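Look at the two complexes coming up: subunit A is in both, with subunit B in one and subunit C in the other.
And now, the complex of A and B:
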């Protein structure tokens, strides 16, 4: 019976664990250097006399981390930032802010209230991002819950249900019900060669039933998990009709509820009260006038005993020498700045690709989603806008800021559009989910990271982004993570991590560099 | 082939929906009266001259709702509350509060800070509870996110893994992985009589793979969803070992992740900032001195044109006459108060059972759970304490209040214990999840609702609680929902709903009574 399933086939899952921890991807090697240095474990020595001047290039979160840690250790730090604000892709837009997109300058005209903001870049903090959370604690950044998943938010796909919206919870409940009934039928009918005992089978069928909310005959007949049509408090609730699986299957989005709320986008998540840039403000508050704005770097010269950096300020070219330099300028901008990097180092820097990302937001005249039982969470759309986020803060206030599009991986779609085209795309799609959308929203802000001044791209990506990590990439990465010869210059940021686009990665990169510098300073006295 | 699965068996799920909305349970009938009256749809007429005096018995949320709505409509309302506080089972404990448990009076000695509180009764507001949310908005009750599910919180079962704790996300990821691999094997091997097209099969297998995070061979080999052992930022993360399904199967709790975060305990949920009784304070602020405390009712006399109520205040027996009376005194206490209810009405009242519930809480000297990546959410324990809740508010503050037990349905276990025994039970079990628990927590508060003064039980339950709604129960329920003959007295509260223990149910009951009274007043001029 060639297609039977034997107990042997499940022995691994049933009884055994892998003997050793498995590496997720091949080609991985643990660095000899500390890889998981946390703020708590960083214990930097005071600078050696005459070796304490540090230049940090770029006030992104990795640069700010370095400046803050070295300041605490007694170094004399200066941070040069090209733009008029710190944070890089940690950017919150509020009333009066200028969005410095090249060719598409915008001024935010939303109501000036604490809850009326939009996190145009980083927006979520997973509970496992310990270093970032450590800095929030250390720097007094107040945090609150954030949720990704709301069962009352919608899924919308022109290919499914004639384009009608369906609640997240209704779609997932029907998908689960169908799969569970199918699973139970297959399990019962499959030639299983009796791999499980009766007791085990009973437990497995119990789990299948719980998964799909099946009835006592292991059939899916709808479920209150999908929500009621009405009632439930003073009468037996009237259950929603089941949705035909054939109709749902027209969509590619059915697996959303299995994939979208796992790992770093699963519960629980947090956000700073008042906007993600409260993290940045925490650092800049602590650093005071050590951060110099509107000071674009114009040249880097590595020397045996330090680094010379030239920059412009108020139209005047200036130069500073430092004993150490930590550089988080985006790789693709850095390669255009005059420098004397070794050719292999420059090659590594040049090999980093850039993620594409686009977000837009509106001020909503009214928090209309709350009338639809939605308080936070994400609606998923099979169209370029991809997602609509409802604010989890400012509940029941008069207005709110709604994220109208979050396109990742295909951001050039919007990047190439005019502001008017971007806005119309968001409205045309948004009103498929909320019929009164066009009347309810105003004062759009759009952010195409490939056109944002001083950035011109989103997160650094090695290889093809997801997977595709080759030996060649490993060589390029390792080279760039190491300091330049002599140990006086480090390239840092999420661009020098395996996991771009997260603040925790940028901090991890900074911590790696700090630990490496500290070790060299202690051991070699350089 | 008797055990084959034919396409016909799936026709219903694949293509058809039920013709009409299905009632969840048999024996249900829609009332002729409005069943889903919401605050918005309530439009109460002003009182008929000389018919405007209203007595509300009990300052639970249903009573407060009635008093507030009728006050707005122009009625002269008085609320008599037996205890020294409003809210009933909406109860928040803070520094200085007296817990009035009979034989176990406690005074809360926690630090006096806004985030140091414990919701001893109602604790969550689902986004679909529109009436309650409407009152929060109307009465200025500030809301924030609450989460039930945290993948970093724990599951602990003495019968599983030798009693070792396991992260929620790790358990569910392994269960899903195992089930998905089994499903894929069964699906492939089952004699399916070709019920699905190749395209359909491909989609189904795709969903199975997404569900379990299977590899390209439809095998489960562990998943990053379970969390990393280490790394992931500066190197390829080291994945946790798979957990043998045989070991997990020793627990009855494997289905938790399929059942615990659905319906009204699924995302998203909210809580009032500062404690659930902020809802109650919103009502009492609006009602001012209409609420009379420490005024236990000692007798109710129904009359043709109203109701006479006697009560005690400051040791003095007093009496008030009113045109209407709305009564949310717990049914099992009401039946002991002298009254002249018709015998069938009294019989209905007597038939209500009481849910058992027990909660306890500690002040934690340190928010130790945050060091374990836990910020809010619930740990599940297969022992009488059942759950540990971590506060989703006050993140990173010095201390917090941790819910140490939430026993529902078997609350008498703790109710019968002494305070010392209750505390020891919580500590002994809690340290199985958090080894340093005993050192970290202090100043216990325990609440056994069956022994709480003026309450002596938790939510009203009809029949066996879950299901078991019979025609006989329906008759009893309908009789109690209707006013007493003459239409001058209504029995209200979650005890007169199909869905006890939710504030929304209590409000729905109040709204039903208000709409019924209003209709009678308009149509009959009584």
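And now, the complex of A and C:
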């Protein structure tokens, strides 16, 4: 199995013998299929004559992926999008844009400059999201690094240090110092399952000392890692005093520096230059007039050999027939659109819950954070706004757009507030991180995903809580991932993945559907 | 591409809610956003707990919009679904409400799908009291200000009865219509009784 041609032959044989599921499973194992492979490995056959008409419902990134791949393969694709813009939850707000929150429309009045934007939905691209990165490369989307962690950003919690903010680096240094001292005190090789030799023990203790910057007596007495009070270059640096762990302990956010920048949000992260929707613009540039805007789907009728879709455009109801249909309309909106789905398929769709994530942003009159040695990264606060993000782009320019809140939901805290209440909450909480905040920021934009038109949610939730995956849910999920009987309609998007709220998941779901459709079409062809 | 012309829209009356929007996007943003939640042509959408509006009596529709707008409905902090709708109506002008009532009135009545499973026979005897105001066929009666129940999304009827009973709807001193229902709903002793009566309503007007 050393070259891809023989792999593909093997895969075709496997697919023909055991069906697509085996193909996908095996495919991942051989790193040929969507979830682990790069997009290039998806090689779709040209359509069978007279069977090449495709309708894509929703211009989310999964829908655009399908339209682009099938266009390249020779299919005739049309994308129907309800909104006046493509991208769905990939949304960048800039000067002049209207935020289409139902009951709370807003117009963005920021300075019209390339770096003055806000990624209201997706904002970060992890290094391992190969398929998304593959499309960025293919579609000419320029990328730059995104900075998630800054040691000079702040952490604030009313329950800690009397509510005073502390630099992220100072906090983590002191927490690590305490933990290291504790490890060192507890360390006796006898207690371990596998006792270590003396030389090994010495190594381990050395590591513990490095981890926490302990002194020669294996005690933590403060560290230059936490920063200097003054000096350091032309004067002797005066190290900050250690902060006793007891003083930090009261905070809910102790573990932050060990969790926030690990795994998928660990370095290096990327962002497209000029806004996340540059990815979407890459697709829509390539697709041209195949994407039809302000065309909400109003009905879906499955037939034996295709799908009829009705939609509205300029107040007129129209209908189109196609051989294949790929649908990324959010499940909770799809349940309000007339359809003739089989009841088990509809039931699966109905079982997905929606989330309430919330973000907001201000235009900063001045990049005041740079005066405080902060260049990119996140400040954390134990308050509903949870985070403030400093833009890693536009460094040293006059102004910047600052993310003023990122609440993951699990409640309707901000969603329920009026615009004025949302703004006041952001200011009052932000002031705890930056005393001059209120004077420095202006022109708020708020995004309550639960109320955004044509979306009404931040991402599908299959389980009743995080990690609540049951056999019953598995059955519902499997049903929805499969096409409708006859193989003409696929439901796609991150809502049909095990890993919601990532563009990569939406793309992976699109690739899964494409591979399945391709296989079925090939089998029909023979 | 096969195109069938089915429906053509009435004149759009746009009432913009924020300054600057009038110039924005050739009248794309108006107050007719109801279908995102209430489904195509108001068929109702359980996915966002928004009931059927298609075929609703204009007088009842108008009063509910006014009562959401005034905050007499949908402001109790335990009224989860009502507080989804309340801010949607909060910003509507009288003109906008008139436009919406006319627009919603153009949607054809389609009874909602049946989802609640209960004992309709048991529900029938419970319904006797209700018929006085809501009609024997659940067709509603404007003279008593009581809306049609037949054909309404059954999961929604269930929530309303629970909300009246718990005091999440109909307890505002200004809500003289909703308050009539509080006593009625408290006669339904438990969830089973509510399911039964809703199952009976499901048999009406179909």
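Annotations for the structure displayed:
Just so we're on the same page, the second predicted complex is superposed on the first by the 475 of 526 C-alpha atoms of A that agree within 3 Å, B and C clash if a C-alpha of one lies under 4 Å from a C-alpha of the other, contacts with A are read in each partner's own complex, and residues count from 1 in each chain.
Going forward, a contact is a pair of C-beta atoms (placed from the backbone, for glycine too) under 8 Å apart; a residue touches a chain by one contact, two chains touch by 3 or more.
Values in this document were obtained by computation on a predicted structure and should not be read as measured data.
Of the two partner chains, neither subunit B nor subunit C is touched by A:427. Of the two partner chains, subunit B is the only one touched by A:239; subunit C is not.
Of the two partner chains, neither subunit B nor subunit C is touched by A:383. Counting the residues of subunit A touched by each of subunit B and subunit C gives the higher count for B. Of the two partner chains, subunit B is the only one that A:512 touches; subunit C does not reach it.
In the superposition on chain A, A:105 makes contact with subunit C only, while subunit B stays out of contact range.
When both complexes are overlaid on chain A, the residue A:317 reaches subunit C alone and has no touch with subunit B. Within subunit A, not a single residue is touched by subunit B in the first complex and by subunit C in the second.
By the touch criterion given at the top, residues 3-5, 9-10, 12-18, 21-25, 27-31, 35-36, 127-128, 130, 133, 136-137, 142-147, 149-152, 169, 173, 175-179, 181-183, 185-192, 200, 203-204, 206-208, 210-211, 213, 220-222, 224-225, 227, 229-246, 249, 254-255, 258-259, 262-263, 266-268, 270, 370, 373-377, 392-393, 395-396, 469, 481, 497-499, 502, 504-505, 508-509, 512 of subunit B touch subunit A in their complex.
Of all the residues in subunit A, the ones that touch subunit C in their complex are 78, 84, 98, 100, 102-107, 109, 294, 296, 298-299, 310, 312, 314-321, 331-338, 350, 354, 412, 416, 418, 453-454, 456.
Interface residues of subunit C, counted against subunit A in their complex, comprise 1-9, 12, 16-21, 24-25, 28-29, 33, 35-41, 43-48, 50, 83, 87-88, 90-91.
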